[in-house]
Every structure is written in structure tokens, then in C-alpha cells.
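Look for chain A in each of the two complexes below; its partner is chain B in the first and chain C in the second.
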Partner chain A sequence: MTVLLSMELVAAGYGDAEVLREVSLSVREGSITALLGANGAGKTTVMRVLAGMLPPRNGIVRFAGNDVAGVAAWDRVAAGLALVPEGRQVFADFTIEENLRIGGCRRPAAKRTARLDEIYALFPRLLERRRQLAGSLSGGEQQMLALGRGLMSEPRLLLLDEPTLGLAPAMAAAVFDLIRRIREAGTTILIAEQDVRTTLQTADHAFVIENGRNVLAGPAAALLDDAAVRESYLGM
Partner chain B sequence: MKAPLGLAAAVVAAAALPLLGSDYAVGIGLSLAMWVALTQSWVLISGMAGYVSLGHVVFYGTGAYVMVLAWQQYPPWLAVLAGGIAAGVLALAIGWPVLRVRGPSFVILTFGVAELVKYVVVNVEGALGRFGRVLFGGPDLQTLYWAMLGLAVAASVLTYVVRRSRFGGGLIAIREDEDAAEAVGIPAAKLKLAAFALSAVIPGMVGAIMVMRSTYFEPLQVFSPVVSFTIVTMAVIGGSDDAPGPLFGAAFLVVLAETLWSTLPEAYMIAQGALLIAFVLFAPDGIHGRLTARRARSG
Partner chain C sequence: MSSLLSGQLLVAALATGGLYALVAVGLNLVYGTMRLLNVAHGEFVMVGAYVAFLLFSTWQIGPPWSLLAAFAVATALGLAAYRGLFHRLLERNQRVEANSLLLFFAVSVILQNVVALTFSANERAYRHLDGIVTFGDVSVTESRLLALVVSLAVCLAVALALRYAAVGQAIRAVLQNRDAAALVGVNVVQVQRLCFAFGVGAAGMAGALISLTQGISPFMGFPFTIAAFVVVILGGLGNLTGSLVGGLLLGFLETYGIALTAASYRSILLYGVFVGVLILLPRGLFGRRAARR
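On to the complex of A and B.
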């Protein structure tokens, strides 16, 4: 399998705060890859660098073989790299359907409508409520909407930043279910999560970062058995 | 169909004002049309995209200055057009560096740039040995009024159309959450710059017309920040999310000004300040927002 997305020796931060000191990772095409780490380890910063919302101070980001330095976030979406940001960030005053349509704003109009039907097939709840304002949805439903909105651009790779944050366990399980189905439909996924166990059970490969540096990497199944991971992240 | 017909009738009635009313009435009509055109334009960048401009007078003043420089060398209509273009180009020049960054820096910078341009013009005029210019022989009040009415209608239609376009949807997405907007592929920086330039063109033309009305150009007065603040106040009072808002806000404040200004000018300034505070606190979506909320509840 070829590498679809990679970051090599990336440093990044905000002002004087250096969040990422040196992080490398790669995502193989067709995989679910996990990015794990404690709160404040730099997961969201990695996602923002990959999505083009924060320029790295050092290092290279490649997508589909090309160095994407200087490519704006919105152009990365058009190229097939979409981010579902942390905290869902749906447009509260727009209806569900408007949220979804805006997610497909870089696609031709005809494709957008066809894609909308596919998304509704994947998320029947959203179809039922398509005329409601997104702000009136529950947290779990908003996460579904954020996922659907990200998928509207028909990305080759979907970046998911903590998609189960603040969700009830049953809802979180439903989200992981959807993530598997999205991958089966052909979309590569990089997921940043704090729920280490479920993420490792879902992912093929995982990277663990701490204080802005890589500390562990490997097949997800191997990490699940790793003594250090079990102690630090699974509390066993 | 009722609303468009009613609006068309209102525009026809407004256009007939010079034929029926006194010069005083036409003067008030001109003032109302001016504020509608300015506030509608402001709504494009500050209402829809949420980037509040505290210096919109700079575009008004630029248009006025273009008219002054072109006076009696080029036909007035051409100078009005040039004033609009100059204002749009100035907005691109200001917006290019500023709109890349987010947040309050834009607000502060719009105010700062307006003051800067004001004093540049003061100094240029001083160096030229011109302290105030008089513009004789311009078009009559009726003609100026019709031109301004045209701009008010154009600005209102522009706001209405943009609000319902994909462009407008993108601007509102930026206002709601710029990160999320970029994450779904909305080219935020480009849309903001386009909205800012678009919001400057009509104010430039308005300034070019108003300087012919006052027949006098004095930079400290033409570039007065009070113009910018009044635009913001009208947008806040009327509502800044869609085209009806500025109509309500401009009408409300112009009527208030006419009734209070002549009798109690100090009371007018106090009333304007008090109203601004009251609306921000109790009706942040303005008169139009209140009306639509009521209709949504009862309907």
C-alpha cells in the first residue's frame, strides 16, 4: 500500500509556544491510522498542520506524493484532504442540509446533490431532520453532521480530530461504527483520539506522541499488547 | 409577491419625491438614501462576514476626494464612477494584508487607516496650498437625489442578492466559525477580500455625490469618523444580517435626527448613544431581527 499522507520532522506552534517539536507520521492509503496522546500532547496541532490551517515552522507535509507547503486549507479540501475539526464546529444557524451542502462547496453542483443522497443513506437521522437548525441537534447528532459535512467533499483522506469527545459511550460506539463504514467505502482515515482502547481496536496502525514528539508507533494490535501503552494509556 | 410589489411602489414614490415635495423634503430623502447606501454596503463585510469596519468613512472620503480632483476637468458622472473604483482599489490594498489575520486587528486597523488617510489628505491639501475647496456649478438637488436613490436601491439589491448566493453563504459560514469554514473548503481569505472591496465601491460613489451636494470639501469634515460610527449604529439598530435591516436602521435614525437635531442637538447625540447601548444589550439582531423573530413565533 502506498503512503497517501505524511509529515516529516514537523515543528509547529503558536507565538512563543512550541507545541510540536519533531513529529513524523505516515498514513497508508485505505487504512485507518490513529494518532494517540494525552491532552496537550499536540494532536490537534498535528491535525491543523496537516489540514493547512497552521504553517509548520519546520519539516515537510506531503499529500499524494506532493509537498503541500503553501497550499491553503480550502485548496487542500479541493485536493481531497478534509478535516472534521475538534468540537464538531457545525454551523449552528444553518439547517442540516445547508451544513452538508456547504461541505460540498468545492464540488460541481450535480455531484453535490448525488453525494447528499449518499450521505443521507449513511446517516438516516440527518435526513429526518434536514430542515432543522444544526444548533438544535444533540452532541452526537452534531458529530454525525460534522462527519457528513466532511464527507461531502468526497475526500481521499479524512482527518478526524477527537470525534467522540464528550459523547455518551453508546454514541461514541456508533461513531466508531461509522468510521469503519467510511473506510470500507474507500476513504482513508487519520483519527486523533483520547479513547485509546476503542481507537486501537478500530485502527490498523497507530502513532503515539507526547510533548510534541513521537514516542511509539506500530500496528494497532501490537500497541494494544504493548506494556508501556497498557500502563500509560489503558490504566492496566 | 406582495413584498416586491410594495418595495417597487416605495421606490417609485421615492423617485417622485422631487416632483411633489419641497427642497427640504428632498434634502431629507437624499440623506436617507445616502445612509441606506452606506449601511447596506457595510453589511456585506461587517454584517455577513462579521468583520466589523470602524473606518468605512475612508471610502466615502476617497470618493469625495476623487470628485474634488476631477472637478471641472471630467464630467461628474465619470468622477462618481472613478470615486467608486478608487474606493474599491483602496479596500483591496488595505484588505490584502489585514484580512489574512483574524479577530480584532481588523477593527482597529480600519479605524487607524481611515484616520491615516484623513491626515494624508489634509497634508496633501496643505502642501498644495488648498485649505478647503469650493465646488461650484454642480448638478442640482433633484439630480443628486435621483443618483443617490439609485445607489441606495443598488446597494439594497446587492445585499439582498449576496445574502442568498453561495458567496453570501460562505461569508456567513466565516462569521459563524472561520476555522470550520476553511476546513470544509471555503476560501475564507478570498471571500473576505472580495466582500471588503465590494463594500467599498458604493460608499466611494456616495462620497463623490455628497461632496457635490455640500459644494465644499474640507478633509477633516469629509473624513470624520462620525460617519463610520453612524453607519455602525444604523446597522446595529436596524439589523445587519440582511437587506431590510439597514432600511429600518437608516430610516429610524434619520427621522430621529430630523425631529431632535433641530430642537435639541445635544439630546440627539445622547439619544443615539443610549439607543446603541440599548440595542446591543436587548436586541442585538436589531429591528429586523426582532420582527422576523416575532413572525417566526406567531407563524
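On to the complex of A and C.
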């Protein structure tokens, strides 16, 4: 399989704070790849660099074979790279439908409408409440909306930053279910998660970072059996 | 008391309110999409007023061309300032509000003094469209009627565009959450540039309308900056419909306030409302929550 996205020896930070020192990772086309690490390890920072929201200080990011340095976040969306950010970030004063439609703002109008039906088929709850303001939705519903909004751009690669944060276990399980279905429909996924066990059970490949550096990488199944991972991240 | 119920006063209030709304919408667009505090907003009103004055006194060109020219000149000036000063500030993205306040303050002083040096500090005025139109018991000058119609029409067009046009949706997305807007594919920089250009352009157009109804001077802008800030705070930061309502409301407060007292109370009323709103309604009339980043 070909590599769809890669990040090579990337350094990045905010002001004087150096958060990523040297992080490399690659995501194969068609895979679900996990990005793991403790709180503050730098997962969100990796996602922001990949999405074009934070320029790296060093290193290269390639998407579909091209160096994307200098490509603005909004143009990365048009190129097929979408981030569902940590904390949902839905447009609170827009209705559900307005949120979804603007998610497809880089697609031709006809495709957007067809896509909207697909998203509603995936999330019947959003269809029921399509005229409701996003700000009045529950946390779980907002997470569904954020996922649906990200999918509206028909991305080749979907970046998910903690999509189950704050969700009840049943809801979180539903999100993982959905992630599998999205991959089966042909979208590659890179996911950062707190729930290490379920993530490793869902993913094909995983990278673990700590203090802004790679510490472990390998097939998800192998990491699930790895003694060090079991001890540090699964508490066993 | 019967004079308070006259159509005359109502039209005056609507004209003043419409102009305030037009000026304030621009200020709110610039703040809402970029967090830039444009304390030079009134100077763009002043520039528009001088453009209209010069066009009329030199070539007898009046509306609609003078309005469009005022819009264009204010926009060009604004875009030059954006390119030279504010674009960099936004890219660095540090202390944007405080730094923009200082930069705009400099822009304000420079514009006042350049105009004063070029055209002297004296008040200027010209007579155009000063015929009287009468409906029933209401008589109003053509210029005031024009100010009312144009400012309300532009405000209405802005409201409709924000609601129904694709670019309006993009602007509303940036107003609500700039990062999320970028992440769904909205070209945030383009939206910001557009809002800056339109915001100061609308101020310039308001200036051209104002020049038809009152004398102009290089220092006429400041009360409009204050009025625009009052309106924006009344209607809510980042809430553009709120600015339209707030503008009309301030127009009514001022017009009826003067009718009950005297014209010399105008400044006291304006600043009084400013202080009152800040203390009593810091989140505005409809403030559910403060505007978020």
C-alpha cells in the first residue's frame, strides 16, 4: 500500500514552548492509523501541523506525495485532508444543516447535496434535528455533527483528534463503529485517542509519542501485546 | 408632547439610526472577523465626507457617484493600511487587540492631520439635494431622505447576504470560530480582507451621506467612532444583526433625547449611553455570551 501522508522529523511549538522536537509518522492509504501518547505528549499539536494550522519549525509534511509546506489549511481541505478538531468546534449559531453544508463548501454544489443525504443516512439523529442550532446539542450529538461536517468534504484522509472525548462508553463504542465504516467506505484515518485499548483494537498501525518524540511504532496488534505499552498505557 | 409623536421626528430618528447602523456594521465586521479594534473607523467616515465634498464642489458630482467614490476611496485606503500594517499583525497573531488599537490610533491621527493640512481645519459644507419632500404632515429634505433610504438599504442587503449568500455563510463561520472555519475550507484571509474592505468602505459611504446633511471637518470622525462602539456593544460584539438594531436604537435615543432637551446635549447623550451600556449591559442587548475566538 502507498503512503498517503507522512511527517518527517517535524519540530513545532508555540512561542517559546517547544512541543514537538522530532516526530515522524506515516499513514498508509486505506489504513486506520493511531497516534497515541499521554496528556500533553503533543498529539493535538501533530494534528494541527498536519492540518496546516501550525507551521512546523523544521521537517516536512507530505500529502499524496507533495510537500504541503505553505499550503493553507483551507486549501488542504480542498485537496482531501480534513481534521475533526479536539473539542468539536461546531458553529454554535448555525443549524446542524448549515454546519454540514459549510463542511462541504469546497465541493461543487450538486455533490454537496448528494453528500448531505449520505451523511444523514449515517447519522439519522442529525437528520431529525437538522433545523436545530448546533449550540443546543448534547456533547455526543455535537461530536457526531463534527464528524459529519468533516466527512462533508469527502476527504481522502480524515484526521480525528480525540473523537470520543467526554462520551459515555456506549456512545464511544458507536463512534469506533462508525470509524470502521468510514474506512470501509474508502477514507483513510489517522486518529488520536485516550482510549488506548479500543483504539489499538480498531487500528492497523500505531505510533506512540512522548515529550515531542517518537517512542514506539508498529502494527496495532503487536503494540497491544507489547509489555511496555500494556504497562504504561493500559495499566496492566 | 405632541411634537414627540410627529412623523418628522420619526424620520429624523430613522435617518440618524440608519447611518449609525451603517457605520457600526463595518466596525463589527472588522472586529468580529479579525479582533481588530478600529478606533480610526470615524476617520474613514470623514474621508468619505471629504471625497463627496470635493466631488461636488469641484465638478458638481453628487449621489450616486459620490457615494460610490467615497466607498471606493475609503476601501482603497483601508486595503493599503491592511496590507501595510494589519496583515502582518494578524499573521504574528500576538496581542492583536491591544496592538491594533495603537496602530489604528496612529492611523486616526495621521488621517486627521493629513486632511487638516490639505484642506485646512475649517468646517466645510455644500448645498445639494436640499429640496423638501412632503408626505402628509412630514416634511423632510431630500438629502436626509436619501441618507435614510441608502443606509437602510445597504444594511438590509448586508443582512440578506449574511443569511443567504455563500460568502455570507463564510463570514458568519469566521465570526463564530476562526479555526473551525479554516478547517472546513473557508479561506479565512480572504474573508478578513473582504470584511476590512467592506467595513471601511461602508464607513466612507456613510460619510458621503452625512456630508449632505451637516458640515464636515477633519475632526468630525471621533463622535462616529464612539457611536459605532456604542452600537456594537449594544448589539453585541460579532453580532451583525444586533448592530443594525443597535444603530436604529441609538438613533432614536439621540433624536428623541435631543427633542426632549436641546441640541447641545447631543454629546452628553452619546457618551452617557456609552457609559451606561458598558456598565449595565456589557454583553449587549442580546448578549447570550461574549463573542468567542
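Basically, the second predicted complex is superposed on the first by the 236 of 236 C-alpha atoms of A that agree within 3 Å, B and C clash if a C-alpha of one lies under 4 Å from a C-alpha of the other, contacts with A are read in each partner's own complex, and residues count from 1 in each chain.
To be clear about the criterion, contacts are C-beta pairs under 8 Å (C-beta built on N, C-alpha and C of every residue); 3 or more make two chains touch, one makes a residue touch a chain.
Note that this is a predicted model, so its numbers are computed, not measured.
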(request) With the two complexes overlaid on their shared chain, look at chain A and say whether chain B and chain C clash or fit. (result) clash
(message) I'd like to know which partner A:Asp177 touches here: chain B for first, chain C for second, both or neither.
(response) neither
(message) Is A:Ala73 touching anything from chain B or chain C once the two structures are fitted on A? First, second, both or neither.
(response) both
(message) One more residue to check, A:Met53. First (chain B), second (chain C), both or neither?
(response) both
(request) Would you please give the residues of chain A that touch chain B in one complex and also touch chain C in the other complex? (result) 51, 53, 72-75, 77-78, 82-83, 85, 89-94, 98, 102-103, 105-106, 149, 152-153
(message) Residue numbers of chain A touching chain B in their complex, please.
(response) 51, 53, 72-75, 77-78, 82-85, 89-94, 98, 102-103, 105-106, 149-150, 152-153
(request) Could you pull out which chain C residues touch chain A in their complex? (result) 166, 169-170, 172-173, 176-177, 179-189
(request) Using the touch definition up top, name the residues of chain A that touch chain C in the complex. (result) 51-53, 72-75, 77-78, 82-83, 85, 89-94, 98, 101-103, 105-106, 149, 152-153
(message) So in the complex, the part of chain B that touches chain A is made up of which residues?
(response) 166, 169-170, 172-173, 176-177, 179-189
